[in-house]
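Scroll down for the structure; my scribbles are underneath it.
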Amino acid sequence: MASFNSISELLAQLLFMPMLAFLLGLVMVLMYRKIAARLQRRIGPPFFQPVYDIVKLYSKDTQISHGLIHDIGIVVAVGGYVAAVILLPVPGMDGIADKGGIITLSYFLMIPSLGMALGVGQCANPNGSIGISRALTAMLAYDIPFIIVVFGVALHYQSTSLVGMIDYQQAHQWGIFEMPLLAAAGLFALQGMMGKHPFEIYVAPAEIATGPMVEMSGKFMGGLFVMQSFQFYVASVLYTSLFLGGGANWFEFLLKIFFVVEIPMSISFLFPRYRTEDMVRIMWKWPVMLALIGIAFVI
Amino acid sequence: MTMPGIEVVFYTGAIGLIVIGMAGVLMVKNVFRMLLALVLLEAGASLLLILSGFRETGVAPILLSGHAAGQLMNDPVPQALVLTAIVIGVGIQALALALILRIKHRYHSLDMGEIREQMEHDIAVNSGVVSPASAQSPEPGGHHHG
Amino acid sequence: MSVLDEVFILCALGALVLFVFHRIRGIEKLAVVFYAALLYLLIKMSGLGYGGEVIYSSFSLNILGETLQWRFDAVSWFFAIITVASGLFSAVFMSGKWGESYREKTSNAAYGTLQIALLLNVNSMLILLASGDLLSLFIGWELVSWASFMMMALNPDKQARQAAIKYIVYAMAGAMAFLAAMAYVYGITGSLQYAELAQASAALSNGQIILLSLLFFTGFAIKMGLIPFHLWQAVAYAETPAPGAVFLGAISARMGLYAIIVVLIQLIGLGHLQQIHIPFTFWNLQTVLAWVGALTTIIPTYIALKQNDARHLLAWHGVGQGGYMLLGLMTLNSLGSAGGLLHVFNYATYQAALFMTIGAVIYRTGTANFDKLGGLVTQMPLTFMVMVFSIIGLAGLPPMNGFVSKWMVYRSLLLDGEPLLFVAAVIGTLGTILSVYKLVHNTFLGQLRVEHQNVREAPLSLLIPMLVLAAIMFVTGMMPGLVLDWVASAQLAMGLVPVTYNLGGIVLASGGLDMIWITLILFYGLGVGAIIFYLLGGRAKRVHQYDNYAGGHFLTSRVRYHYSHNFYAGLMHLIGGWYRGSFKKLEQAIVSLVSLLSQLSENMYRSAQPAMMVIIVVVLSLWSISGGIN
Amino acid sequence: MSKLGNIPVQAKSEKKRTNPLARVFDELIQFCQSRSMFMLHYCTGCGAIELPPAMTSRFDMERLGIQPMVTPRQADILLVTGYVSVKTLKRVILTYEQMQSPKYVIGICSCTVNGGMYWQSYATAKVLNEYLPVDVYIAGCMPRPEAVIMGLRRLMSNIENGKGNAWKDYYERYDYYLGNQQHLFGDDWQTPVDVIGEAKFYDLEGEETYGEHTRTLEQHQEPLEAAVMRVKL
Amino acid sequence: MDNLILVVILPLLAAFLMPAMARTSEVLARVTGLMVLFISIIIITSVWGSVDEQAVSYAIGGFRPPMGIVFYIDQLSLLFALLIPVMILLFWPWNKVTHIREYSLMMLLTASASGLVLSGDLFNIYVFYELLAVASYGLVVAQGRAGKKGEGAALAASLRYLILGAVGSVMMLIGIAIIYTQAGTLNLAHLALLAPEKLNNMAGLSAFALILIGVGVKAELFPVNTWVPEVYGAVSTRLSALMAGLLSKLAVIVIIRVLVLLFPQPEALQLMTILGMLGVISGELVAWRSRDMIRMLSFSSIGQLGLVFVAFSIPGDMGLMAGFAVALHHLLVKPALFMLASGWTGPLESLKGAAKQSPYIAALFVLLVMSLLGVPPLPGFWAKLLIVVNLASQAAPVYQFALAFVLIATVIEAAYLYRVVMILYHPNQGQQASVREKHKAFELVIASGAAVILIAVALQVQSMETKLSSMARQTGDRQHYINTVFSKLDLADIYHQNKVQQTDFRSNNQLQGSK
């Protein structure tokens, strides 16, 4: 079991990992927008566009809050991801990650949703509530295949520790080769987890005015932009750790996570949006089936 | 092939009486006839009881001085018992007749079905389950279908 | 005289005093003192929670050649301390303002009756937990049913009364199954002692064990509200007056779990559960029971999702959470069973707190109907906070204690390689998250109604127990080792391998759990989030709830725009078809069958010819005798 | 006075920004604000048809950092794309007030400038800047996408140079705008947004924030204080 | 011990003399009945406890058995001999307007009932049984329920009861005839001696079936109990209480005596089990549907008697003990419930909120109901436990079915009894319960007495258990019975006679000869 040599190393990790995640996440956001633009034969935003957006949102002169819970919702949404980011192993910094494990992490990933849901709830905006109702339903949809995948992987590695899984993969073979079906199902779940097209019914801009974000202004929206970049980062690193053997060094790590996140991004704009129940249906059908067959192979 | 003994005839008679009585009690609707069937039934049973002490060659069970030892006597105990049973039976029949008279007076019918329906209705009215207003035309089935 | 004797004497005294003085004002203080004293006595026995010796009562009874005795072991103590603590919290809850308003609404006598009902519940549960043989277990069992019935029957509402009747019929059915099993045991062993059964069960045939387990399990499952006997519980608990719901919800149904532990695990034995295969299937008893648990996590949870009344929603969750406990227990390994037991404790804390918050909401607003609530967070912030803590626990998210026990259950299912059970448990958890959000959203978030604009925070007497419970939830969530001590002792007493743990959680070679770290990391993350939020960016102005984007629509107090009805409409499009009420129909079918038979019997009793039956039976029996002899 | 014709925008405030970031990194912030504009296109009339071409591959607004947003809370620019009837104007004003400062209004099409072909209509608000502080007008019937983008670039350069302050005018001369609104909608006109409260809260008041019209408003205003979370036992 | 015969003779005499006395002094006639009952009680209490170890037989008129008629006194018969006058005293029709012949009928009832339990001769039992029947037919008419419709219903119910009873009596008579044909004697002790060789066959079994069904009419045995709801619905609750509580048990005692002494066949027991369990389930099922309390209690009584039969059908002393427990429990509880029901007539829904009006009565009701259901630690629970535990120990499958039936019936019973409890405790806001009659004082006294006894027994379960088990042992001991009735000399005689094979009128009969 990995541990830290000193308190300073721990503090360094605590500080460094969220910052790293944020920066990488910003690049991923840019990448997402660029891919979308290119697929639509546009030029797309400039390189620093994500930074401009966040700076602009944080520098708004006026912004509204519907109450303390509204504020806390954003705090939890961002903070939950910060905590989750800390529990994800990156090359050379897996000391804290070892305290968590995959089950804990899966639960940590639900905390931001719940926090944000609470915040949106206090806005008393029906569009927001509808959005949350859809978002939670979507969570129900993608979490079941995701959890099955997690189960299969943990069963395969006989461990719930992400660090242990990475060690195993680096010693033997990548998980994607040992468990191709689970990896495919995981990719499916990942698509849902990122909350982008085609599974973004819960924001549905033209219908419910971006749902949960309807009352988010200024730094509230900024917080959500920060959260989004964390979200891309977490999804890609998690998938990399489970199936692609993590990263032995930084170069490999970055390569893998950008490769992973590129796949769902590319798929995103190829499909129209799914309705909530259709999303649930498709998520409970194909990835679950794949994952269960995958588990059968694992056992 | 020997002739069947006289007991067989007696037994057949007794059991026949019982069967007729039973059939009567079962099938007859008129209360008075039902009582008559009951009388038949009792007669059959009494006969059966007497037969249990009957000896084909037996004599009356009276100990006389000239009575030859070893001669079969009919058993006196059942006869005594049957006497008692008949007395009781008559008593009960008398009681039943009295009841039938009073019922006829009240319900103006001797049909067991009708008596039962009126009785059920009366009981229901008495326990407050059915209102007495409908007493004039008791519905078949009384209150139980409530 | 042992401590257990003191407990019983105190119980008897308490019941007596309360019964005599129940009309007097101030009786509630006495009741609180009573529960506190009871808790003190239990704490005196706390050696049991740390591997102490079994404590016997010096009172015993000889009847039918059986010795009835009462004792406390680690399992009983574990359940007892939860019971008494729940009693104490309910008593405190009802001792202040809530009690006054209840008095005003009903009468002194009714309030006193509620107190008596609570006390009888606690007492009867202690008797049940202390039972030392099957007969005393059954006696305790019946007493508990009675006491709960009394509690449930106190609500004058029609629905509540129907629920109470339904409960008692179910409870009687369960008791009768238990009685049958007990009689069967007596038929086999000629004794009702635990030890005899434990010995004899080794020699029993598979069929006998299956029959016995089935009978016992039916009895216990009814109390616990497991599938397919789940219909009675939620309505009955929900419709009980608030402190009663707190108590019943927190612990009452867990008596079924205790009995399952005692009879199925301790007496019939682990080996049997694992080895005996159900004929014509691949399943053994353990799998069947585990699946009952898994289905119980799913079905009632999704019924809860559809409820439109906060109390009913919670009560349905109570049924569902029972499934986790059974599921954990039925893994029969050290980790899972510890998880199941720990869940009993954790569940009691947050379910009690949740019912209290709803009680407080009802106290202030007079309703728990989702369509009539909303936006109370500004009015009742502390109550809201307790509810959030509790729903985090109920949903099993870190850092509350509910997470620890669920983690243990999941982890042990993982270790055992039970994918389907695992998935079932996860489906249950996700359903719980959906439904608790609905709960908190529809009561505390969203639009505040005009008529609730002057609602105030719950009074202190209601808040204190809630806040203490919230604190317990958090502390035992962060340091589950505090409770795991007791759980490990209970596991030892059950004959299982105790779980390896430390203060922060579970120690496992292949990935353990350290809640202290996890909590700290979470709080670090939240701290970073707070810094980002509060230090960067400008001030935010609080705005009125009508200052809200509604597509350019002008919102006023005349417009109701709280989204609460059919909250998960999308999901319901998909799964709505599954709410067929199959179990309800089954229940109705049984009632119809009984009704039909009853009508047939009645018609038989109404034959026109009085002597018909005599003759028919004579003929029949003579015919069968002659046939039988030949 | 802005360059744009006779629009009476009189933003003169040199007050400090309320945002701490903006106070320190003034230039940087203005640059970012000019490069990241989320637009709420309130499609009042036919002009809206020219916006999709402006957004899609031919002209691609996103390369300028301009994105469509659907809720005023997130948006920076309000595009009023065509004639504004009295009924529509109420919604436009509410939407504008719900946007968060700094916020900008662009009037597209002639109708927003002077009523255009609806100049005779009794039910149309002819001059938009009587009711809202307009930053940029883009005339034409309808203006082509090139013109739209031209207008947006003009706005960008204004912001970058610290001139995009029309939104302050709405707070500082609220009485003027309110008066025009009341003239059109009647004396009981009120939006659920507490503009005066915002002006006070962010210290954006000017001399003409209050006046007879605000007093009229106060007489029949439904209270708009935010519910405060407090523990009243 | 010898003056025990007075328990039968005195009431009998009084029954016939009372109408005559009334012509001279009505007061004397009214007092006579009470006097007789008191004397009976005193006589029995004076010998109370003397038969705990060894039963006593008493040959009437000095004729030695098997020729003479004997009274057999053991714990069981003594207990019931005491219960009869006590219960009759409790339910004595105190009323100035009571016709004197009603008292006369009550006396007749006392005499015949006492004779029934004390008699050691099958034919005497038959005679007393018939007397009992006549008395009860008469009482049904005499004590019809008050109200306009009362008389007609009582008459019709009585007639239907009479026809049923008469057919039953005939069946019993046929059974006795068969027994006599087989064994040639009707003395129970003698029969007990001969039973293993003479009655252990098809004919014996038929005789038992006939007796069971004949006597079963009074014992509310399924399905010859169709009179029960009619009669209980038509007569005053006082008489219902007496009939459901006492008379049915007397009939049961007769059946048990006959069963234990004469019929060792397991088929006999099983026949009883089947009828018993059908009685349990059908009674409770109909009670579940009932809409008024009297009818509910009538059917509950049928169910409980079914339970009694199931209990007695368990072979061995344990079965007897269980039977006694549940029979005595029912004897205690059901009359008390009838007493409470008398003030609560009318549909059940009309009782809403009755508990608020009369909390004490409602509490009594709940206590009695709980015991009836078998809620621990009340006596009903121990009785039910005995049955259940012993049923489960039996190997024959019919007992397992009986167990299932009993348990299911209990659930149904719980459903309707708790429904009534809920109705009583209905928070009928502001409204008064529409209870029509008030409870009379003696009804409350009786019910309270029953409740007190219930609680006392609950506290003294252990000593009750020893008493019952000693009673069961004594009752179940066939040899004890024979030894008590016959002296050693008699026994020798009988053995001699049997060997010599009936020189005089006792000879082979046809049926035996044909075998």
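So that you can tell them apart, the chains are marked A, B, C, D and E in the order they are listed, and the count of residues begins at 1 in each.
The working rule: a residue touches a chain if its C-beta (ideal position, glycine included) is under 8 Å from a C-beta of that chain, and two chains touch if they have at least 3 such contacts.
All values derive from a computational prediction rather than experimental measurement.
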Co-neighbours of chain A and chain B resolve to C
After discounting chain B, the chains linked through touching read one piece
Outermost chain relative to chain A, judged by CA means, is B
The larger set of C-beta contacts, choosing between A-D and B-E, lies at B-E
Greatest Cα-centre separation from chain D belongs to chain B
Chain centre (avg CA) closest to assembly CA average -> C
CA centroids of chain B and chain C: separation to the nearest Å works out as 63
Expressed in whole Å, how far the mean CA point of chain A lies from that of chain E is 80
When centres are defined as mean Cα positions, the distance from chain D to chain E in whole Å is 98
Taking each chain's mean CA coordinate, chain B and chain D are separated, in whole Å, by 109
Note: chain E residues in touch with at least two other chains are 160, 163, 167, 289
Listed in rising order, chain B residues that touch 2 or more other chains are 22, 25, 112, 116, 120, 144
Note: chain D residues in touch with at least two other chains are 18-19, 21-22, 71, 73, 198, 202, 226-227, 229
Chain pairs satisfying touch are A-C, A-D, B-C, B-E, C-D, C-E
Within the complex, chain D is touched by chain C residues 375, 377-379, 381-382, 448, 453, 456-460, 463, 536-539, 541-549, 552, 554-557
So, in the complex, the side of chain C touching chain B is made of residues 602, 606, 608-612, 615
Seen from chain D, its contact residues with chain C in the complex are 18-22, 71-73, 90-92, 94-95, 98, 191-194, 197-198, 201-202, 222-233
Listed in rising order, the residues of chain A that touch chain C in the complex are 14, 18, 57-69, 71, 74-87, 96, 99-104, 107-108, 110-111, 114, 117-118, 121-127, 129-130, 132-134, 136-137, 139-140, 143-144, 147-148, 151-152, 154-155, 158-161, 164, 201, 209, 214-215, 218-220, 222-223, 226, 275-277, 280-281, 292, 295, 299
In the complex, the residues of chain E that touch chain B are 123, 126-127, 130-131, 133-134, 137-138, 141, 145, 147-153, 155-160, 162-163, 166-167, 169-170, 173-174, 176-178, 180-181, 184, 186, 230, 233-234, 289, 291-292, 294-295, 345-347, 350, 436, 503-507, 509-510
